[in-house]
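Chain lettering (A, B and C) follows the sequence in which the chains are written, and residue indices restart at 1 in each chain.
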Amino acid sequence: MLLRNAWYVAAWSSEIPVDELLARTILNVPVALWRESSGKVVAFEDRCCHRGAPLSKGRLEGDQLRCMYHGLLFDTTGRCVEIPGQERIPPQAKVRTFPVVEKHKWIWIWVGDASLADPSQIPDTHWLDDPEWRSLEGYTYYTTNYLLIADNLLDLAHLPYVHPNTLGGDEAYAACIPQVEKLENGVRVTRWGEGIKPAPFVQKIKNYPGAVDRWNIYDFVLPSIFLMDSGMQPSGHNAKAGNRVNAAEFRSTQALTPETDESTHYFFSQPHNFAIDDPEVTLAIHNQVVTAFQEDSDMIHAQDRMLKLTSDFKMIPIGADAALSYFRWLVANAYKAEQAISNPVKIQEV
Amino acid sequence: MLLRNAWYVAAWSSEIPVDELLARTILNVPVALWRESSGKVVAFEDRCCHRGAPLSKGRLEGDQLRCMYHGLLFDTTGRCVEIPGQERIPPQAKVRTFPVVEKHKWIWIWVGDASLADPSQIPDTHWLDDPEWRSLEGYTYYTTNYLLIADNLLDLAHLPYVHPNTLGGDEAYAACIPQVEKLENGVRVTRWGEGIKPAPFVQKIKNYPGAVDRWNIYDFVLPSIFLMDSGMQPSGHNAKAGNRVNAAEFRSTQALTPETDESTHYFFSQPHNFAIDDPEVTLAIHNQVVTAFQEDSDMIHAQDRMLKLTSDFKMIPIGADAALSYFRWLVANAYKAEQAISNPVKIQEV
Amino acid sequence: MLLRNAWYVAAWSSEIPVDELLARTILNVPVALWRESSGKVVAFEDRCCHRGAPLSKGRLEGDQLRCMYHGLLFDTTGRCVEIPGQERIPPQAKVRTFPVVEKHKWIWIWVGDASLADPSQIPDTHWLDDPEWRSLEGYTYYTTNYLLIADNLLDLAHLPYVHPNTLGGDEAYAACIPQVEKLENGVRVTRWGEGIKPAPFVQKIKNYPGAVDRWNIYDFVLPSIFLMDSGMQPSGHNAKAGNRVNAAEFRSTQALTPETDESTHYFFSQPHNFAIDDPEVTLAIHNQVVTAFQEDSDMIHAQDRMLKLTSDFKMIPIGADAALSYFRWLVANAYKAEQAISNPVKIQEV
């Protein structure tokens, strides 16, 4: 159930230096990413139109890319402009290209119907390069469907259990009931914990003397983008009313991009707006998140193995599933709508 | 063709210490095994009823087990007794449990219809902890269906060919025709070799000066349990009549437990009743058996690869197949009977 | 689309020393190869007719082969001549054997209908042991269908792009248009480049001072044998008219043998007729070819992965595909003819 008509993160900007080719499969489509001499990113289907050889093993010649199997040369629009030993270039000798937008260090790609690609739909992730925030670039890879990872992000009751020594901490936080709001293209979750123990990854830096108030307020939007205002601060300053005092604030920015039906690229970053001149703090936060994401990965891959053993397992829903259930419903609806467009129902003639 | 309504060995007792969880898949069912504070072994389906996360990665809290994904807590009956952030526990929030019996160092499990589980059907394996016998605990793992291993055990003509330097020895023993008796739930095989060379694994310990009489007398019973009286002694003392003199006697005890259709847990032990105060003898016997079982494993995995290459290969039966043919017939019959119960034929209404 | 009624190379002669067994799967059939005491090579289906155990793990006893699972003994015709513990040998106790011809260091096998096996159809590869030529024995292994490798060999426009530092060199050579002649059982390709830079693997040995004329003239015949006259020499001596002066000449001899539908044995050699008394030259040429074949392997395996990602990719033909298109058409026709013979159409009775 992969949604094709949507913007996905294909790469970090830094993964595509000038004069290099990046091979990455997205929604089962192999893609070769590279930069024109102007710096603009180009995305080709990573199969030469001749025999399917990977263009990511090709040679960049200025603003042209040569397949290094039989030497066909392509311009930035994907049009073949040279075939060794042949004068006439058949007009169908073209490789498919995909709309690409580079914004705030992320390369966004649209592999569905290009006529529907509207860059204004790309969510705001300005924290990734905002001078008031600091973060490092994270990437991990799953051999599971992306929805199992979305489930994880849509129920943060898992924090104290999966991440006792990093993002988690006080098990009381799992029992705090979040507010779930339905958005047109996603879901907004607001979880507050008041007077609880701080999370270990923050406590290592802030060393708060007593209890804190903690919040995780995030939108999870289609196709699978996670944007969160989170943090904690000493209790007693009315954080819930917006009064942030000595807070450790974050803008966790995460994107899931299906590689195939059963594998997923996972881009993430944890911008913070305190101690922004101390790279060691930035690194320490990043490393704690990397450790925590490995904890999630262990659990989700294990869950995936359990679910795949037999097809008869039935999940029992609980109250904490509200956000994930709604999101899965949104995905199913969007998928049905896409299928209806690509396979329109024939009107029965009378 | 896996029989579900049967007792299988799930583990050695020593694999489930107090306060630890053992994950093991049995007949395609993932199982988490652990001990109540009383020492009684509990077997849960290794999937939390909520989202299928493995409970074997959970946390034991006295006589309760907590899923470490979202914190659901279960009592020893599998009933959910706590859901973080939720007052009411839905009655269907239960994980499946399985009948378990611990006996003579083996943990037996029944993953089929629990109402049919009768502990009196568990075969006698008292040699595993009888003070008159000594042995070590063996385990190996196959990536083949269990029946190929059963075939191997049901025709010991393979001993001199597969195990020339361990269990085998004199090729004359392969030509000794065994007596095969049909049992209701298995088959009894009796093989005698008289005046032959001793098997290397015994000769290393006993150093017999001349020819021996050798016997392998075993029951192989459903679903796949192998219980053998075997040994050898100097010829000329009428061993066949029960007169055991200076004998090396064993009670090989083996159990095959399908993990999946194409993988098998293999529990084994080789109790001996001589030199029982010499741990080096016990270790030497065990090590020889381990080496020999690796020889079987190499052959059976190779055979499996050959059989899987194409589906058109036809086996030519020979006389030595009597026991294995009968056993496979028993399995097929038992399987048919199980299917008939779980999928009863609808009586056609007239 | 594997052709069964054809001679394939099964092995280099040196792979089957006396008293050793070679296991090799050919067209999905596991084969055990060995030599009678006379030196004649015998090919058995590598499955004992009893239970399918691999005979390649058996024991040679003079001109007989014993299965080392249960001890059945077979003569060179595949007939079982001994079953331990059994007097009468059933007449159907036979393992299948295959026609084999050893010629010029190659062992040819026929796994299809033996009545059609005509050794006179084996192509001439005498350069492999002709005293006027020198070469070493090459083998590599692909996890792709053999036809992707055939495609590669049928369009040498790839030489400068895939092999810039070995077999390739001047990109002008890719633009030289080859002559393609249809043969009854294959295709003949003639490519000439005049006044071009020499290929690096030759230049390392010959160190030509200026431009060369280069040729690749080869037959690629069913099922998948590649026989080439290739070389280069200083320009200006009318090489095209057959006037070879200071030439580096080769008779590249290659054979693709499908192991399964998706894996291929690749036997190759690069005989040369200059500096034949200098083993270092022979080794240097061989090593350059080995390096180049690894370059092909990298490209073809990458192409295979791209093609397998989705089934909707459509190749755009170009002029350089003439030879490979014709060869694929020949294969498809031969395959259809084989199918028609093994599944004859029933004539409808009136």
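Here, contacts are C-beta pairs under 8 Å (C-beta built on N, C-alpha and C of every residue); 3 or more make two chains touch, one makes a residue touch a chain.
What you see is a predicted model, and the numbers here were worked out from it, not measured in a lab.
At the interface between chain A and chain C, two copies of one sequence, fewer than half of the residue numbers in use are shared by both copies.
Fitting chain A to chain B on CA positions gives a rotation angle of 120°, reported to the nearest 5. The distance from the centre of chain A to the centre of chain C, with each centre set as the mean of the Cα atoms, comes to 47 Å.
Contact with two or more other chains is made by no residue of chain B.
Of all residues in chain B, those touching chain A in their complex are 25, 28-30, 46-47, 49-54, 57, 66-72, 83-86, 90, 92-93. Within the complex formed with chain A, the chain C residues making contact are 151, 155, 157-158, 160-162, 171, 174-177, 298-299, 302-303, 305-307, 309-310, 313, 315-320.
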